[in-house]
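In what follows, a single structure is set out as structure tokens and then discussed.
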Amino acid sequence: MEKEPIIEVRHMVKNFGPTRALRDVDVSFYRGEIRGLIGENGSGKSTITSIVAGMQKPTSGEMFYKGEPWNPASMVDAQLHGISMVLQEANTIPNCTVAENIFAGRFNEFAKMNSFLSMKKVNKAAQEILDSFGLSHIKATDSINKYGFEDRKLIEIVRCVSDETEVFVVDETTTALSLEGRQLLYKLIHKLKDNGKSVIFISHDMDEILEQCTDLTVLRDGEIIGHLNREEMDAPGAEKKIRFMMVGREIGDAYYREDYDSSHLPEVALKLDHISFGPIKDFSLELHKGEIIGFGGLSGCGMHEIGRAAFGLEKLSEGKVVREGKEIKSCLDAIESGIGYISKNRDTEALILEGSIGENIVLPSVNALSKGTFVSPKAEKKLADGEIDNFRIKCYSGKQWVNTLSGGNKQKVSFSKWTAKKSDVLIMDCPTRGVDIGVKQFMYHVIAEMKQQGKSIILISEELGELIGMADKILIMKDFEVTHEFMRDPKLSETDIIEYMI
Amino acid sequence: MKSTKKVLALVLTLALVFALAAPTAMAKARTTKIGVGLYQDSGAAVTAVKAYLGSLEDALNVKFTYTVLSNTDEAQNITKVQELIAAGCDGIICTMDMGTEAILQECADAGVYLAGYLCDYDTSFRNNYDNVFKNEFFLGTVADGGCADEARRGYDFFDSVIEYNERTPDAPIRHVAMTVFPAFAFPYQQSFAAQFVEKVEEYNAANPDKAIEVDPLSDETDILMFRPMDSTYFSKHPGIDAIVSICSGSFVYPTMVSAGVSNTMKLFAAGYNDGDEAVFGSKGAYQMEIVSPVEAITYPLVLLLNKINGVEFPDQPAEAERRGVSVLVINSDEDLAKFQHSIYLSFKPEDAFLSPEDVVALTAYNNPDATYAGLVEILNHMTIDDIQ
Amino acid sequence: MKLTKKIFLTLLFPVLMFLAMWAITAANPACYVNGKFIFLGFDLVRFVVLNACQSICVALAIWMQLKNGRFDFSNGAAMILTAIIAGNIGLRSGSPWITLIVAVLCGIVLCAFTAAVYMLGRLPIVIATIGVTLLYESLTYLIFGGGGISNFYQNDTLSIFGHLPGVFLPTLLAMGIFLFYSNYTVTGRKGKILANNQAAGVNIGIWEEANVSQTAMFCGAIVGLAATIYVSQNQVLPQSGLSTAGIMFSYIVPVYMGMFIGLASNDVIGISIAAIGMAIFNYGLNCMNLGGGGWQQIIMGVFVMCFYTFSAQLDNIKKVFRRMTKKEAVA
Amino acid sequence: MPETVTSRRTDERTSFFTFVKNHTMDLLAYAGLAVMLILFLIFNSGPRLMYNFSAVVQAAAVYSILALGAVFIYSMGFMDVSLGQQVGVYVILMILIGNKIGGPAGVVVGFLVTLALALACGAINGAVSIFLGLPSIVTSLFLMFFFTGAQYLLMESTGENTIKLLQTVKPADRNTYTLMLIGIIALLAVIGTYFFNYTKLGKYTRAIGANKVAAKQSGISLVKWQVLGYMALGFCAAVASFVLLTRTGTAGKGTGSGYAMDIMICLILGGMPLKGGMKSKISCALVGAFTYTLLSNVLTTMGVPLNWVNFVKACIFLVIVLLTCRKPNGVLPR
């Protein structure tokens, strides 16, 4: 290679207990490129960048930054040396001002003798930076609580990037951003690239990667599978090739549902009867047996709330949710009448992270398993093991803790809670969020199978492709109202839908 | 590996504790062991008791183990006694009448004897005489200031007030209020108050020109619930010159200080606290304090040692007794000066009323001539005037 | 919010409390001695000031840790131990100023030690501070002959910080330290960040250990000031069995109420105002002879409960209120 | 699915280490108990060993029973500071009612009334905090104030410092009594284990402690199970009060004081995570109660001076928690 790498990683190994996240990885990053990193969940892409950016230490291996050995003590250390990273999760600090958020790690620059702080200077500097990023609508002295998720993400980006930034890591940040926010970020990374800096861009969104990146590295199971340059990325069939590299086998065309039969049984499985709560007014819906109804829209359009209400989690001011003639007033009612709910907040709402796979799977079914007061551990284990096998959850036993699993496997656990409970109506809120292609394909297969079995599904998703590929009927929401209904149709495209969302 | 290290560290730590403590546990086997359950775990009285008993250890070949009892929680007291028994005590001296019956059962089960100190065992005396005072493992108790039924502490307070008035004719005390602890905890303090009032009334009748006004004891204002007195006390007793605190002065004096009356108002109180000498007599508000002589512990100690050694006094009473011991009433600067030379303040065994040899001579198994009457007699010679 | 409204809301609690206690005591015959009403008077002022000052200092110390997301059980024990050490040294030296300085230094050292156990041990904060509390309590039996300090408050010159007007000095100092800490120091701001999102704060580059220990030192200074007032007003006995936590809890009501009252202004003022309100409440109870014993406990319990319920349900109460007014308007 | 099979197999090799790693806290708690037991045997070897054994059983009985009940609420991440005062009031009530009615029937009635009261208090403790949206410690703080006051007022009404149950409830023979206590502890341990490990109660309280939202979304009624958890503690508190009564036969103003904190220390020593959740174990109660009792006993028998006892206890507590509760990675634990 004629170019001098800015970062060089050699023989990097990272173990989390018995899990091997990185196995002897060699990779280099160069100035003036936007390097995409792609791979399934648990393939190690975030692990590499988090080590480079000082968030964690490698188990073994070496790194070089600008030719010098590189061992950052912390993220700050890395940032001071010019390596910044924006994380996937929300990383802003609630109840603090925007200015405090931006300069949290750098207060000392505004303090006399490193201790006496002048908030005036902090606020002023913060506003200047915001303005320079074109974010004048954000006020430095406001509490961050005033701003939505997207603005917060942008504030985080502002916090990360400064004149000294040499390497900028974007770890699946774009999922949280609207089109506008994405454009802002794209502009920023291209500017950095043009200035001879290096950008490392991690995303699940293949289209985005193909559009924005100059180079691409594919990882699988903690190993580098291959590199693609711009020409290779533009070559026909690149997408399929990349998918193959990521999964390690042919995905085949059977990704989404293949049939276009949007028929369903005549019985109504779940009825939302003129419900009103919060900003949602007079909403009605009939879900039939064997039907998949998809909900789409931008975040904040109210579709997630519909899902919660259907599960009895929202207190209705008017109307009612009815299943088989019974009114659903609480999630307990919902579960007992055979409704299951997969929350979009998997780690905080759907799963008990500090609990075993078995305990999680069995939890909704404990009631049904108990004879008198007794709950047989054998029956529990049988049920859990059955689901672990059905869903091919990667683990050594049902006793393994959920927080040791990868995102995809966690999501499988959260699915299996309801199949174990034999729920007939499933409300899925972003069921494939943060899940890699292999697992996604598996999930779609499961959902299609459920339809065959006559189960009814509400599929709430931020991914239009998923809705088009899976749902019998798609309801698009905007400002807490349904703006349009689409029926299942092979000709339906994302662009048809988007206009009703914005 | 890490957890192995941790276990190792734990074992080592505990082994160290064990190694340090082992010699104590394996001390000479034949020494008699007496457990002492005190009423508080630190302070001057505790130091003084330990100093006194410590001085007796060699002469009597006794080893003392201390613990602390609760005046409200029986279960804790039983646990403490069980621990003393576990530690190998042959006899136990207790300062609390809480859970006594159950404690005596423990003693009977282990063959250990029990005697009381600075406690009149009044609840047991009134409600449970047969199970306690007739119990062969209960040897008797010594109460400070006489036992409840015979004590005349109210008179001591009256005498001190009169002595003060005689000493300071310019600013005599003409108006007093009183404080007591609640009856459920100290059933006789209210009768002490009544004794005081009775004496004052007699005095007023005889000396109408020097009459002293006493605010009657109010159920609501004057009963201190084991917490410092309210500052509203002074609003509720306007115009008083002094407080007669039949309960401990340490619940009264802080409030006097914070209310800014400690320079003008006088305090006659039971109990004595470290440092009270600085604000006593001509130097401050305290005009009277009452101290129980630590040497009174000789009474239960001698009874226990006799029993453990299988010897009895020829004139030993059939049933366990409760005896009173005179208290040290300090109500003048001269008394205070004398008091400085008591073991209570100096912590020097040589300041005690009794030397180790005296105590040896009191025991029946060392001295065939020793009598119960002789033991009781020494209890009468522990007043402020007996300090040399 | 307008300034006048802020002031009004802030002062609402103590004024209401004062009026309520005035009304209640005035109706109670126990509050008249020889026909004279005892609730109003200089004693009220003195009691309220002395008690409120003590409460403010302890409450600020508790709040400083709590605000940073740590519930420090050991504040009470640190205060008692500091009081004993500073009291004894002060007594020997004969100077209240030396007492004050020693107390502040001692408070800082003890709180720094607590922080060290917490950080080096990497224990959950409750467990770490319970352990340290047990340790500090046990030390009260080992230092100065295990006698605590009983005669410090008796000395008028030594105990000036426990009386009027000296008590204002440590109190104002404590308030000043707190305000300075939270508004004008890097430590305070970083603490705020850590309290609100610990993981993000650390990721951004706040050195948590340094922040915890610096905060502990600020807190220690306040503990020292609280101890100065405490030893100047009370006899301090050795403690055991987490009884210092009980002492601390008896000052915790203003902390929680202060959080709420402080919404209208800021937390230091909120806590001070709450402490004054509670002191008035306690004085009223004393006047009615309910200051000790069973009833005081029960009244206190009911009071704490009601206050919490009120603040927890405030939103709902507002909603109901709004609905009622709306309906009226419709009608 | 060959892929799944291989991954299972590789992980089985490491499962022994995983076991040790996942159970460090339990293993150390057991080690602590074992060390205490060894020290106890060393310092108590001699004629009084049996006596001392029964003394330990007596002292540990109340702790064990209370801790067994407390596991149910600690597993939800709650704590109850009113426990000690509750026990105090229950014992006093049992004596007052028992004496009023007289005879063994009086004791039975007294116990039943107390049990009803304890269950009611448990229900209040659990329900009020949910309905009023309060942290559970606040309701228990309220109950603590309330019961402290009630205990004061009850004792004041008797005009005595200590009151005695006229009916004898303690077997005269020491060994019978010890066996009775062991029987009660064992019975409650079995019942506790059954309810904690094999019924919804334990499973749900742990789930609530681990993740309230997830538990709710899995169909667990927070109100119902929180109330039942507290009622389980109430049941144990009533039984513990009875056991305490058999031990002393009397009660006073301070009966029960300090139990709330002691139970917390017991559970910590037993390896219970204070934030509750799936790592909660019923065994923590017994291990902790006995470790705590033995520790106290051993210190006295070793002859550690009175004013040093607390210091040594504090150090041992710190050492144990440093070994068991240390969180080596990540941000500082809260």
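By written order: A, B, C and D. Residues from 1 in each chain.
As a working rule, a residue touches a chain if its C-beta (ideal position, glycine included) is under 8 Å from a C-beta of that chain, and two chains touch if they have at least 3 such contacts.
Quantities reported herein were computed from a predicted structural model and do not represent experimental measurements.
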Contact-richer chain pair [B-D vs B-C]: B-D
Distance from the mean Cα position of chain C to that of chain B, given in whole angstrom: 36
Centroid distance [mean C-alpha coordinates] between chain D and chain C, Å: 31
Geometric centre distance via CA averages, chain C-chain A, whole Å: 45
Where chain B touches two or more other chains, by residue: 41-42, 182, 225
Overlap residues in chain D, where contacts from two or more other chains coincide: 21, 152, 156, 258, 307, 312
Numbers and ranges of chain A residues touching at least 2 other chains: none
Chain pairs that touch, as defined at the top of this document: A-C, A-D, B-C, B-D, C-D
Chain D - residues contacting chain B, complex: 20-21, 24, 27-28, 31-32, 35, 39, 42-44, 46, 48, 51-52, 55, 58-59, 62, 152, 155-156, 158-162, 164, 170, 174, 244, 247-258, 296-297, 300-307, 312, 316, 319-320, 323
Interface residues, chain A side, partner chain D - complex: 17-18, 311, 313, 330-332, 334-336, 341, 343, 348-356, 359, 363-364, 366-367, 370, 373-377, 389, 392, 394-397, 400, 417
Of chain C, residues touching chain B in the complex: 30, 33-34, 36, 38, 41, 43, 46-47, 50, 91, 141, 145-148, 150-151, 153-156, 159, 162-163, 233-235, 237-238, 240, 283, 286-287, 289, 291-293
Partner chain C, residues of chain A touching it in the complex: 55, 74-77, 79, 87, 91-96, 100-101, 104-108, 111, 114-117, 119, 159
Contact set on chain C toward chain D in their complex: 69-70, 117-119, 121-128, 130-132, 134-135, 137-139, 141-142, 146, 198-199, 202, 208-209, 212, 240-242, 245, 249, 293-298, 300-302, 304-305, 308-309, 312-313
